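In the two assemblies presented below, chain A is common to both, partnered first by chain B and then by chain C.
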Partner chain A sequence: MAIASTPLKRRPNWVRLREQVLGYVLLGPALLLFIAFTVFPVGFGFYISLHNWRLGPREFLGLGNYVRALTFGSEFWPSLGATLTYSLLAVPIQITLALTLAYLLFQKVRGKALFRVVMFLPWVTSTVATAAVWARLYSPDIGIINGLLRMLGFQPLRWLLEDKGVFTLIATSLGIALPDWLRGPSLAMVAVVIYTTWVFVGYNMTLFLAGLGNIPSEMYEAAKIDGANGWQLFRHITWPLLSPTTFFVVLITVIGTLKAFNHIWVMTQGDNGTQTASILIYRQFYEFQRAGYASALAFLLSAVILLVTIVQNRVASERVHY
Partner chain B sequence: MNSYKLFALLSVTGMVLAGCAAPATPAPTQPPAPQAVQPTPTSAPAPTKAPEPTKAPEPTKAPEPTKAPEPASGVDAIVLSKDKPTEILFWHRYSGGAQKFVEQFVEKFNAENPYGIKVTVEKIDGSYADLYSKINAALQGGTPPNIAQAYQNQASFYRLDGNVIDLSPYITSKNYGLSQQEIADYYPFFLESDKNPQFPGEVLGWPTSRSAAVLYVNLDWLNELGAQEPPKTLAEFEELACKASDPTNERYGLAWQNDISNFAALIFANGGRVLSEDAKSYVFNSEAGVEALALLKRLFEKKCAVEIPSSERFGEQTRFAGQKVLFVMASSTGLPFYADAVAKADKPFRWTYVMFPQKDPAKPVVDIYGASWSVFKSTPEQQLASWLFLKAFTEPENIAGWANASGYMAVRKSAAPKAIELVKNDERYKNFPDAVEAYVRLYDMVNFGAVEAPVAGYDPVRKLMSEVVSKVAVKGEGDIKAELDKAVEEANNVLKENAPAPSSY
Partner chain C sequence: MATITTHANTPVRSEKRSTSPRSLDRINPLVYIVLLLIGVASLIPFLWMLTTSVKEYGDVVSLKLWPWPPFGNSTPRFDNFPEAIRLIGVDRDTGLPMFFRHVLNTLLVTGIVIFSSVTTSVLAAYAFAQLNFPGKNLLFILVLATFMIPEELVLVPRAVMMNKNYLNWYNTIPAMVAPFLANAFGIFLIRQFFLQIPRELYDAARIDGAGHLRYLTTVMIPLARPAILTLALLEFIWTWNEFRWIQLVTASSNMRTVSVGLVGFLQTDGGAQTHLAMAVAVMVVLPVVVLYFFTQRYFTEGITTTGLKG
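On to the complex of A and B.
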């Protein structure tokens, strides 16, 4: 018996319309939430940024706040410099340490579960609390770190209170005078980066451990049979196959450092070369009560983060192997 | 305006209002209708001569209609009733004994007040700056508290957008205000400090807490240095601070917390001001400002002072109790905290606080400050309820206990002896008779009080000043006068930006 093939019937318009309406109805609640809690706040923030806005609008400035921020000599540029310095210092150190620790703890070593917990603890502990404790450790006269330095016969340092560049400090201790442009990041900034590394390295390590766990063990076994040594295993198997994880970790770490706020505020309140863009925004908003200007700064920082992320994506697209 | 003018103004206002006030009868009565008496003419006697009709007496003059009492208006027209409770919210950041006292008072007030006012009290964790930030956020969100602690400059900032109310009509209200005797019972300086130069004639906060910038002194250590009494002049202070310092053993003359009220106290002690008298410009770059900064710079250069990082809370108290510093510049309200810290120290010692040393001790000037309680704009009933709460809190019988619990001065003269008595009998101070004496002397300082800058935008200006002190004095960078001039220029821009008129921002 021949089976007659029935041609597909085009659905009537009303059915398609009903499906479309149903789709939007189902999408509605989520869309409303998105508009209420994302689109509207961003849009309203932009509206505020166009005004001289204190507790309310005072006058319309157009792009005046943006012009003010981008004008040469404004406080935005040094704060952006401090933000990028912080990011450039913190990201490579964190990633390298986290990857190294993850690789070591991925091996068959005794007590690795304990090590993992210990490394992860700073990340789950309150940032404000740990930052306050570290600030005490850095105290120039009663801090433990300077106590150790004194014990070892070194001069105590001013740590979070020091705005001199680290290269200048090193050169001065060696009796060399450095030009100002070679001063390097302030010691306070370096102290903050040390703290940041302590906090976030465990978290990044955990992500790397998850990535390492996803690499098929057969690959290593095959390579070992072919006579690959430890470095070759890492270079030709681990590193390429870990690249999606590395890309993700780098991405979130860069974004995290660009908008870092809590611990910097607790430790230095943005003093001594640590006034990053987030701190500047906070100060303009809460200390100077310039909501309009602070909003404009926030949009500019978002633009910088977006730009950096786009560049990272472009670079990563050629180097990440999925 | 000085205190006498304030008193005179309030007196006149009170008298005018008293003159116009309605009688006690609540409802106005109808004036009685005028009743002219119509006499009947005397009847004529018998025949002969018709007597002239008796001259009709002048009709009795109709009595003046009784003047109807004017209906209560304004604040007096508001009626609060237990039948319809009025709820208000109070934000503060007191801790320890002060917090406990406030909470107990609120409980009592809620139970006993005849107006049906229910106060909810919320403690805001953090500093005054945090409270300020939270209030500003709440104002933008349209949910401010009804009452909150606010420094005078902060109240002024809230007032720029009409968010806090002028308390004058409440103070002078016949039904709910204060009598002349009651007003006179407040220290005039405290009342005066809540009057704002940017909003003349308005009272933007009510003084509940005041303290002075003082110098805490380790008396035993001072005696070891050969001094019999705390320094009175700035020169003596500098000399003793340096004599006490021994950096190798982490001991210093002065613990310097970069709290700008300490710098302001130094400017006052040198005979200067932070803000000009007409409140039109900042003047902390005057000769007095330069001398104050130069003194600090010398102290740091000679390692006679140690900086307490802002991240280190109560670092100056810890060092004082550990006998690591001879002097601390701080608020007099630290009394209970210093007593507690020294009592717990390994080696307790004699200590006290004194008026900050002066350039000219014959003409002392003391920085006296303290957050007042401001009332935020809400319904007429809530505003009145807020005022009644402030009024009740500052009743003499309450304010003495408050002063003892908090370490603040009693803001009313009649409460001061009781407050002193309470401190004298307080167990916390039983081993520190010198500190008790200091509290007694504190009230003398009111006569020499000065306020920093009660204008909107002073908070960021404090930060600018703080940066100059840190750069010039602590780090030894830059020229004193040039840096102060630069800071004043920026500060004046902030002042202009926060002027009540539309700003030229």
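On to the complex of A and C.
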């Protein structure tokens, strides 16, 4: 091929070379930024995680930070527990509510556009600001949530300040003593989950609405001619054909909940059973300047996120239709 | 990774185009009641924030939802806003109220991030969509991989990089913007849009003597304006709302943005007064809400065509 560089062929080669150079030049700025501020930090973070690190490396610890994190009795295990609790509570509630609303809205409902704008609003606005608002709605004394409870004749609750488990609280109010391992997530955690639902339901609903729009309407018409009722339409057409969207929404919601930080930081600073892994990492670094230990924790959290993603992909490849 | 690519490659249509499964049936009035209740409930935190920002402290404490006529005798207290701004303090460099300094910082940081991420995304997206060069697929996978890396993983090393032993950017604007200057999501979003533009347009432009750069600036960018606008708007709200990173790499109040400044204010005696805290929260939220109401179409289109970033 190289021998055949006749004058006729030379020009296309030159054009192609120029296109290749241009490709690298156009990619250059983005790639350099990724390498400097994302790819390099991954390696650097691992290097940091192997050290006792304050401003700079103090001493090499090998895997010492990891051992410390994984040792029984460290803060890592409870924080992972809090993270998974948060995820397991938030994901099903969010997804069910979002899908229900999307399905209701998918009929020719009047005011649909307005409803969507309203539901999407919490996602758009500053998490820090809305979490500050909710922290005051939850306030035991001046919060309107307790105001409502009092009005309805219930005992006011301590919400974000309550570290007792919800099952314990319910049992106590019924006069039953519950063993400690049955205490359930703390009320503070449940309060955070309610806030999260408020933020993300509109976002997830929007994704579901797009997914519903991709289902060909002929399928519904055909099934209706066969006499299918509303539930059958949902169960045998909507649910299977929506499964790629559902899987996708579940995936990003799970990953999002595993990384949740801002609102938890503003509402509880990680107190009362809400110290998730992200909060622990931030605290170790920001409050105690333990860069090495925080980096090791970050690698462990990322490993968990990766693992959960792989498992979900496995499940999806079996369950998701088309 | 595979999932996200497949999802994004499926053209997502607006749900308006296909008819609803039950459009012929009459809609149950219960549906309207449920939707109305949920919609109103969802707005309550915003309404409470807005009303509380003009309440007197006594009315907040006594849980009055609407202390003004016809239900009460108070008058709306707009002085909460100047009072809160006064309590946030004064910036010694400029003599301006610190809150205005926070606004200026936010606008500066947001402007730099939008400009840089949009520019780098458009250029990289063009390379991925229109040009052929060795290693293209590998590089695209690398870009997608950076998107999969959780922010938690790189947070600490990035912050360490900013301290005086390394880049020495701590407490400066470059440190505040560095991680956000390029965005894999942006490249992905614009590339999807560029791929939909028919290749024949390029051939036509070639015959007219246009090179790649002319074609990009005169044909592709104008055609991709909705996607570019979507990216710019999303970058605006993400940067405006960014808290953790900026808190981590700034030390002095005069380098903070409104979101970080709000959290700082909440921890002071002024911020402990709910009506003043809400006055600041309203000022932080309002610009974003106003912008959103005028441009909401781009947000929904942006997240449904790529579905990324929860």
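FYI, the second predicted complex is superposed on the first by the 286 of 322 C-alpha atoms of A that agree within 3 Å, B and C clash if a C-alpha of one lies under 4 Å from a C-alpha of the other, contacts with A are read in each partner's own complex, and residues count from 1 in each chain.
Please note the rule applied: a residue touches a chain if its C-beta (ideal position, glycine included) is under 8 Å from a C-beta of that chain, and two chains touch if they have at least 3 such contacts.
A quick note: this is a predicted structure, and the numbers were derived from the prediction, not measured.
Visitor: Fit or clash for chain B plus chain C once both are placed on chain A?
Guide: Chain B/chain C on chain A - steric clash.
Visitor: If you stack the two complexes on chain A, which partner ends up touching A:19: first (chain B), second (chain C), both, or neither?
Guide: A:19 contacts chain C only, not chain B.
Visitor: With both complexes superposed on chain A, which partner does A:163 reach: first (chain B), second (chain C), both or neither?
Guide: A:163: touches chain B, not chain C.
Visitor: Should A:266 be classified as contacting the first partner (chain B), the second (chain C), both, or neither?
Guide: It touches chain B and chain C both.
Visitor: Output check: A:133 vs chain B and chain C. Expected answer is one of first, second, both, neither. What do you get?
Guide: Touch status of A:133: second partner only.
Visitor: Figure out whether A:286 sits in contact with chain B (first) or chain C (second), or with both, or with neither.
Guide: After superposition on chain A, A:286 lies in contact with both partners, chain B and chain C.
Visitor: Report for A:55: first if it touches chain B alone, second if chain C alone, otherwise both or neither.
Guide: It touches chain B and chain C both.
Visitor: For the three-chain arrangement built by superposition, which of chain B and chain C touches the greater number of chain A residues?
Guide: With both complexes superposed on chain A, more residues of chain A are touched by C.
Visitor: Under the stated touch criterion, which partner chain does A:74 make contact with: chain B (first), chain C (second), both, or neither?
Guide: A:74: touches no partner chain.
Visitor: Answer with first, second, both or neither: which of chain B and chain C does A:142 touch in the superposed model?
Guide: both
Visitor: What is the contact status of A:243 with respect to chain B (first) and chain C (second): first, second, both, or neither?
Guide: Neither: A:243 stays clear of chain B and chain C.
Visitor: For the superposed three-chain model, which listed region of chain B (312-320, 366-374 or 438-446) is the one that clashes with chain C?
Guide: In the superposition, chain C collides with chain B along 312-320.
Visitor: Once the two structures are fitted together, what part of chain A is touched by chain B and by chain C alike?
Guide: Shared contact residues on chain A (touching chain B in one complex, chain C in the other): 55-56, 132, 136, 139, 141-142, 266, 286, 291.
Visitor: For chain B, which residues are in contact with chain A within the complex?
Guide: Checking each residue of chain B against chain A gives 129, 132-133, 136, 139-140, 157-158, 160-161, 163, 250, 306-307, 309-313, 315, 318-319, 324, 457, 459-460, 463, 467, 470, 474-475, 494, 498, 502-503, 505.
Visitor: What does chain A use to touch chain C in their complex?
Guide: Residues 16, 19-24, 26-27, 29-31, 33-34, 36-42, 44-45, 48, 53, 55-56, 101, 104-111, 114-122, 124-130, 132-134, 136-137, 139, 141-142, 144, 147, 198, 200-203, 206-207, 209-217, 220, 230, 233, 237-238, 244-245, 247-248, 251-253, 255-256, 259, 261-262, 265-266, 277-278, 281-282, 285-286, 291, 294-295, 298-299, 301-302, 305, 313, 316.
Visitor: Give the list of chain C residues in touch with chain A in this complex.
Guide: Residues 2-4, 6-7, 10, 12-23, 25, 27, 31-32, 34-35, 38-39, 42-43, 45-46, 48-49, 52, 60-61, 63, 65, 119-121, 123-124, 126-128, 131-134, 136, 139, 142-143, 146, 149-161, 163-165, 178-179, 181-182, 184, 187, 212-213, 237, 240-241, 243-244, 247-248, 259-260, 262-263, 266, 274, 277-278, 281, 284-285, 288-289, 292-293, 296, 299-300, 303-304, 307-310 of chain C touch chain A in their complex.
Visitor: In their complex, what parts of chain A are in touch with chain B?
Guide: Residues in contact with chain B: 52, 54-56, 58-59, 131-132, 135-136, 138-142, 160-161, 163, 266-269, 271, 283, 286-289, 291.
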